[in-house]
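One chain, chain A, links the two complexes that follow: it is found with chain B in the first and with chain C in the second.
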Partner chain A sequence: MECVFGLLGDGFALVAADTSAVHSILVHKSNEDKVMILDSHKLLGASGEAGDRVQFTEYIQKNVHLYEFRNGIPLATAAAANFTRGELALALRKNPYFVNILLAGYDKDIGPSLYYIDYIATLHKVDKGAFGYGSYFALSMMDRHYHSGMSLEDAIDLVDKCIIEIRSRLVVAPPNFVIKIVDKDGAREYAWRESIKDAGVSAA
Partner chain B sequence: MARYDRAITVFSPDGHLFQVEYALEAVRKGNAAVGVRGTDTIVLGVEKKSTPKLQDSRSVRKIVSLDTHIALACAGLKADARVLINRARIECQSHRLTVEDPVTVEYITRYIAGLQQKYTQSGGVRPFGLSTLIVGFDPYTGVPALYQTDPSGTFSAWKANATGRNSNSMREFLEKNYKETSGQETVKLAIRALLEVVESGGKNIEIAVMTKEHGLRQLEEAEIDAIVAEIEAEKAAAEAAKKAPSRDT
Partner chain C sequence: MKLDLSGLQSFPSIPGGAVDDLGVDLFAAPSFQLPACSDFDGFQKDAIQMVKPAKGTTTLAFIFKEGVIVAADSRASMGGYISSQSVKKIIEINPYMLGTMAGGAADCQFWHRNLGIKCRLHELANKRRISVTGASKLLANILYSYRGMGLSVGTMIAGWDEKGPGLYYVDSEGGRLKGTRFSVGSGSPYAYGVLDSGYRFDMTVEEAAELARRSIYHATFRDGASGGVASVYHVGPDGWKKLSGDDVGELHYKYYPVAPTPVEQEMTDAPAA
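Up next is the complex of A and B:
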């Protein structure tokens, strides 16, 4: 089952997501990137119905970019989060998107922020959040070890602790994860945690 | 003649669409704009008519980005420009969303021109009163391009072109002096063309330079002044060389 989780640290925010693309009992690929770089200083980690996930997050990304071209400045993280929630809310009673989202961003005057947006358009500004079966384990780990203003080293350590719990305790645990970070220098990939590499074709 | 300019959808007996031609007149009254294509640099320049003292000049942007690799300058009705630019920006993102590819300069030019043409063949509307200069780099081949559209909806690619006030003089200058340039030389050529018709000085010219690596960069007034000074010095040196023929026999 898919898993996305994230937390705020000292001047940064982390978003981690599993990287399995699954259909019924088949794993299509184990290196699917589910944390989209929304713009220079925003991350959008999404999980849920595969088609909806890509469709909805790309739609949000293009609209965020359009705002920047129209207005000459990027959207604030809070504004992007509210826009995203609004789109989910509009579609909810017509043709809902089944996508859960963690939106992390860095604003110059506010610092890092993290928003929890679920598929029925709930919006919460949080310090830590998680979606999926893995959330049971990730949230418990974070409840135990998280404190505000963690250093990057400690935060990555906590993320790794969560990943270990998910791998060892969830029955159909995703093997690989991607971790992305956003801070004053922008949004970027931080690391992958792979326990299964997509094997190449062996020589004949 | 008065009977044929009321409605846009009516041809005159001698084959004119008067509203379109009147729109072209509006363009001719607009501020001068020039575009020059170099091998690795494309330059857009626009005349800045004297800014009123109390106006915040930063809110009047005449050279705009449509996407990270496409920019546009225009001459004519600025309010019409806002509408076209907005539609073009939406189309740039829509294209990226549907085909996962940035637009090519030709595609977005064709789109803008198509929009302008639609308004020459609809009831109850008037044409857009502006001509645009659209520049950019092909997202995959990196080839620079410069296109121009006008109120009739025609478009074509150019090595260098001008539109707006005194565009004929600028185009003549460019035809005489154009050669393949790159980098700063392209900027100088664009400024020299603009200076033919505009009062010299950084505060009367707006220049933006587009490169593949850095996208669109608006030049500061001080930078423009420096280049203008260089150009004037070169001109003075050329004049002096002409006046004093070689003394050696």
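Up next is the complex of A and C:
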């Protein structure tokens, strides 16, 4: 099952997600990137049903870009999170999207922030959050070892601890993970944690 | 996300009605009576489940040095009945793109044909061929807008465009994946096993075709819903070409020839009394 988790650090936010695309018992792909770079300073880690995940996150991304083009300034992270929640809420009673989202962003005046948005349009501003079966292990690990204002080294260490725990304890544990970071220098890929390498592949 | 229902709009009824020879109101809005049952939603769900055929097939495709190999079996089954052993499951969208069929045959054929139309329109409008990325996204968006309405499509779009060989997996749940190796259908786990263990990026076209053929054969051997003929296509820079179509029964004896067993005892006629 898909795992997405994230946490805030000192001047940055991290979002990690597994990278397997699964169909009942088959793993179609083990390097599917589920953390979308929403704009220069925002990350959107999403887990959920196949079509919904890509279509909904691309829809949010295009709308965020549109706002920037129309108004000349990028959307604030809080605004983007509320917009996302609003779209989920609108569709909820008609044609719901089954996507769980962790939205991380960096604003110049506020610093890093992390928003937990689940598929029934719940919105919480959090320091750490997780979705999926992996959350059963990641949440308690983070509750135990997290403190606010963690350095990048410590935060990556905590993320690795969570990944190791998920790999060793979850029965259908995803083998590979991607970690992305957003800070004052922007949103970018930080690292992959691979235990299975696909022969000669490029990420979508 | 709004569905584009403009194609379903009907014209308003003309009062005094235009009526054809059979007395049918030509401009009436299409409608039918709902069945009288207590649980209409459940009935709808059951109806969709009844029509939804299991994806009884084996198709596979992979990218390698010389392009893309696409292979499929040719059996169509309805439960335990084999309705056909000669179904064309590799659909030629245009001279440089192929699609595979798994799931509902009508759905796959219709939407691939529709995709071919859209690709041609793109060529005419933009004076250049559409990329495999673009074509697969067109199909994925269409299938996504019909989500939950009972379409059953599990297809791979394979082609060669300006960026080189491209392969995408698209399904009726709205999923779209870019990759280098895919297999779809009830026989796909069996095919994956043989395909993954024999795969190398730098194979010749013949080696790759043989790997594909062997993978399809092994899937048809173990999966009851796959069989018939293993077709293998190759997509290169100049477009696709069908390489072979071998009956899997014959392939079996080619891979595992029957060794003549030595005769232990021969029956002879009893001496005439």
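Quick note on the criterion: the second predicted complex is superposed on the first by the 198 of 204 C-alpha atoms of A that agree within 3 Å, B and C clash if a C-alpha of one lies under 4 Å from a C-alpha of the other, contacts with A are read in each partner's own complex, and residues count from 1 in each chain.
Definition applied: a contact is a pair of C-beta atoms (placed from the backbone, for glycine too) under 8 Å apart; a residue touches a chain by one contact, two chains touch by 3 or more.
Worth saying up front: this structure is predicted, and the values here are computed from it rather than measured.
In the superposed pair of complexes, A:K161 makes contact with neither chain B nor chain C. In the superposition on chain A, A:Y59 makes contact with both chain B and chain C. Contact with chain C, but none with chain B, is seen for A:G51 once the two complexes are overlaid on the shared chain. When the two complexes are superposed, the chain touching more residues of chain A, out of chain B and chain C, is C.
Once the two complexes are laid over each other on the shared chain, residue contacts for A:H145 go to neither chain B nor chain C. By the document's definition of touching, of the two partners only chain B reaches A:R70; chain C does not. When the two complexes are laid over each other on chain A, chain A has residues 59 in contact with both chain B and chain C. Against chain B, in their complex, chain A makes its touches with residues 58-59, 62-63, 65-66, 69-70, 72. Those residues of chain B whose C-beta lies close enough to touch chain A in the complex are 61, 65-67, 86, 89-90, 92-94, 96-97. Those residues of chain A lying in contact with chain C across their complex are 21, 23, 25-26, 28-29, 32, 49-52, 54-55, 59, 91, 95, 198-202, 204. Residues 1, 140-141, 143-144, 147, 169, 171, 173-180, 182, 188-189, 192, 199-201 of chain C are the ones touching chain A in the complex.
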